[in-house]
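Each remark here refers to the structure printed beneath this line.
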Amino acid sequence: MSFGGYTAPLSPDGRAGIVPPPPWHYAGDFLIAEYRTDPEAVAALLPDELDPAEDAGAVAAIFADWQSCSADLHELADPIQSQYHEFFIVVGARFRGEPVSRCVYIWVDKDFSMYRGWIQGFPKKLASIHITRVFAAGKATPRLEAGARFGATCTANDRQVARMVVTLEHLSETGPRVNDPPMHNTRHFPAALGSSPAVFELVRAGGRDREVSPIWEGSAELRLYDDTLEDLMAIRPHEMMRGYRFSFGYTVDGVDVVAQHRHPQRGASKVNAGAAATMMRGTEQA
Amino acid sequence: MSFGGYTAPLSPDGRAGIVPPPPWHYAGDFLIAEYRTDPEAVAALLPDELDPAEDAGAVAAIFADWQSCSADLHELADPIQSQYHEFFIVVGARFRGEPVSRCVYIWVDKDFSMYRGWIQGFPKKLASIHITRVFAAGKATPRLEAGARFGATCTANDRQVARMVVTLEHLSETGPRVNDPPMHNTRHFPAALGSSPAVFELVRAGGRDREVSPIWEGSAELRLYDDTLEDLMAIRPHEMMRGYRFSFGYTVDGVDVVAQHRHPQRGASKVNAGAAATMMRGTEQA
Amino acid sequence: MSFGGYTAPLSPDGRAGIVPPPPWHYAGDFLIAEYRTDPEAVAALLPDELDPAEDAGAVAAIFADWQSCSADLHELADPIQSQYHEFFIVVGARFRGEPVSRCVYIWVDKDFSMYRGWIQGFPKKLASIHITRVFAAGKATPRLEAGARFGATCTANDRQVARMVVTLEHLSETGPRVNDPPMHNTRHFPAALGSSPAVFELVRAGGRDREVSPIWEGSAELRLYDDTLEDLMAIRPHEMMRGYRFSFGYTVDGVDVVAQHRHPQRGASKVNAGAAATMMRGTEQA
Amino acid sequence: MSFGGYTAPLSPDGRAGIVPPPPWHYAGDFLIAEYRTDPEAVAALLPDELDPAEDAGAVAAIFADWQSCSADLHELADPIQSQYHEFFIVVGARFRGEPVSRCVYIWVDKDFSMYRGWIQGFPKKLASIHITRVFAAGKATPRLEAGARFGATCTANDRQVARMVVTLEHLSETGPRVNDPPMHNTRHFPAALGSSPAVFELVRAGGRDREVSPIWEGSAELRLYDDTLEDLMAIRPHEMMRGYRFSFGYTVDGVDVVAQHRHPQRGASKVNAGAAATMMRGTEQA
């Protein structure tokens, strides 16, 4: 008799684990808005091991509408095990002089994807996320054509996080740029006791068997909101760049550890700064 | 200044209404399993004005993955206002000698669709619903081809309602049959006081500008569960027929009233029968 | 054999109905913030039959944490059938010269309560709602004492609706005032076709066997948000009044019809005003 | 400037972390049903380091209705950051000869609690969970008295997990027994690549400043369901023991590592056993 699993809950045949073992196959539709914000605010979100990018204030706000599965594809016929939506914010950076990207915030609407994200260095929280889709029949759908409008919304912790609209103009020659370099995230898992994490690794995301549809490009509108638990006003849009819509698939076997983080990071204290996030800004709104 | 709206909440410009005025455009993907159950149980779900169908025990279990919008299409760029999933159970019947169909139970995952359903005679409750989708890139998607498996699940009120898998075999020559005749549902709205409803109309659903994709047909598996608030065991599958998968779009302007229901229906009392639904069947499961 | 039910879905024994027949018993905890806003904006939310209140800009923002059941109490042992949260906005008015109140917007997190609300003239939409609770043990709870802070949040349609904090000071001599006069809401149900509603009644809410705990009073903070589908900025707080926290229970048998509304209301057109609500205000936020 | 946090997402002041640093204060209401199942099935859920308990088939099914916060209590006034519901299954065991307990499965309805659980060795998945509450006014509430009925339900991944009813009889002299010994769970976090976990520790849960209300005891009904992703039929009730209802609070600073797990556990392979969980059992139900 065996006992275990790739993830807990451990069980006699491993099937109870919240995430099945890799490889993980992904198929998704993307809606991206690129913009520029305060370069200092982006730098403040990078660990010591990463330096600012050349276009240091460039940010990609990304909505993704996913279906994923493991090697035997069994999740596809049980879609609550395979479908989820994401909203994430990606910035540029450099690692040992080479361009990289980094996911600084990310939200998702399923538990298996949330935990699979933490394994790979994506610090996912739960959210409600909606993204316009294309259907094969009927009038209640945009088509992939100039003038079509795609929208998306994200709300987490009873707070509005983001709203985006991309209006398609033409097929893109470049595609999105900010999230193009290899993503360098941080795998972080606290210790049983104390403030030094048990796992604290800078990792490079990879993936194989990449497949991408033609990429539509157009104008982008994006609003980030001012009452979130994260400080999104620090990285709000100062200048909108372009929007993109496309389909993408790939397969992931895990991530590569490229460095161990020093800790604590720049003297981050254990002080709970959360209290500031609960101040009401309401009575002065009039 | 105006004040009102097609639906409440009424407001100075009407925009706050939970449902915008028709026409309503719909685009959706359907997953259907047809089966036979006890004809007596189907007859027990028909109002006096409807007679049993020729194939009196035939039932269609239908999952639908929808996007909808009103005349100016504005909901499409704000998808939480347009997207929803449904699971519904349709039986055959006859009205004045002609074949009709009738939705006896239905669940949905958005409020606007729930209330728009009640307006049209669909007695919708809320549920969590998931349906396998087709993506344009990647391995984590079925293709529309023989052998592809599409699944769906529905849970409501912390109870499992239904799970379905359809395995595609070939394009269908007939398409689904049970829900093909015009649907005859009941618009019902209680009075402010007392047991006689204020609205109690037999209505015929219509729709225009219908568009349908090629219809795939295959084998179907379906399980209905035994602990729901509705008596689904009475209409559980005795014999599975075929499964279907296709895309469909149309436009609805409202429904036609074809009769006023007599009431009370066959002596239905005001007695609260809900208690029976809460009996625990658990301790005897071993 | 009977067939029917107090509400649809109609079924052989009536048990499938989304709402059981009255009486409905309620037990709940309330968190209220009273404030003043633009009296013109309040007047714009009143039907012709109601006149402005004496304190014409007074508003009550109310969070309620409910448990309810029908006559045989069976829902209490199956709490998904009995528990829900609400956020609603109540204004004052006069009807035939007498002070009344009116619920202009309301959100809830369960389907049975949503539909039971429509029956009684509460135009409920779905939302995610959270309200601080008092527990009998442990440090992670406020006590009913001076200095205790109670908070609440409401999010609907991926939009932030409201956030409130009340800090208790002392037992109240008056209790809340705005929602004290009898509530006069509108029962509204659209016709099968066309724009004139099938049901359009001004109704007075009542209730019996009222029971209320001591009422705590204190300072109140409230923020309404600017990106909702309803125009909440029109009735945002200009001046905060007091906050209240208490428990309340009563029993409802239905509502009394006091007038038929004339329609259409002040020339409300069928024009879909929703498009305005989808304009993005994001890119100019910097 | 600091950068970091107790948990990711790391941020300039640490406030964005999904879980704030300990101590964590908890206040909750518990509903417990104890029962006996197959001792072999319980043994199959224990890691090598733990031996079966004296009453080797004893199990506690536990619903908990929680409010929690960190040191400065700020979450209490923002209840979406503090409230959550849990359902968990606890078995007895022995470690180095001493009685211990172990949580083998657990579900929760908030992300912060899910991840805080993983840090402490609770392998939490998301679920919808409801638990009967006691209110201070009104008829729609049980009182803490003989004959009162408390119920609870749990649904996860569109599957029904558990339904429980406890009917109070009298104050308990013993309280619940199965979960009384110190809980010994497993902290598990996968490696970036490969099948050997990066963290795999047997930990003992503690806690201080424990406070408990009087404990009510009574009869218990429990149903576990047959279509879950975990094999709950293996540990379904063979014999019901007693039910309990009480309030409890404590404070947690972390957990103590008492052993490193050997791995792999008893030859657990990487084989994905999930496919078995997706077989349909529906067509043979008639």
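Quick notes on this one:
Order of writing sets the chain letters: A, B, C and D. Residues in each chain are counted from 1.
In the analysis below, a contact is a pair of C-beta atoms (placed from the backbone, for glycine too) under 8 Å apart; a residue touches a chain by one contact, two chains touch by 3 or more.
Remember, it's a predicted structure, so these values are computed and weren't measured experimentally.
Between the interfaces B-D and B-C, more contacting C-beta pairs are found at B-C. At the subunit A-subunit B interface, residue numbers used by both copies make up over half of all numbers present, so the two copies contact each other through mostly the same positions. For the pair subunit B and subunit D, the distance between C-alpha centroids works out to 36 Å. Centre-to-centre spacing of subunit B and subunit C amounts to 29 Å, using the average Cα coordinate of each chain. Across the assembly, subunit C contributes 77-78, 80, 128, 130, 151, 153, 158, 163, 165, 278 as residues in contact with two or more other chains.
Put simply, subunit D touches subunit B in their complex at residues 128-130, 151, 153-155, 158-160, 163-165, 221-225, 227, 236-240, 278, 280-283, 285-286. Interface residues of subunit D, counted against subunit C in their complex, comprise 25-29, 66-69, 73, 76-80, 82-83, 128, 130-133, 135-142, 149-153, 163, 165, 209, 211-213, 247-251. On the subunit B side of its complex with subunit C, the touching residues are 1-16, 18-21, 44-45, 47-48, 70-72, 74-75, 77-78, 80-81, 104-106, 110-111, 114-115, 118-120, 123, 125-126, 157-158, 186-195, 198-199, 201, 203, 229-231, 234, 253-257, 263-278.
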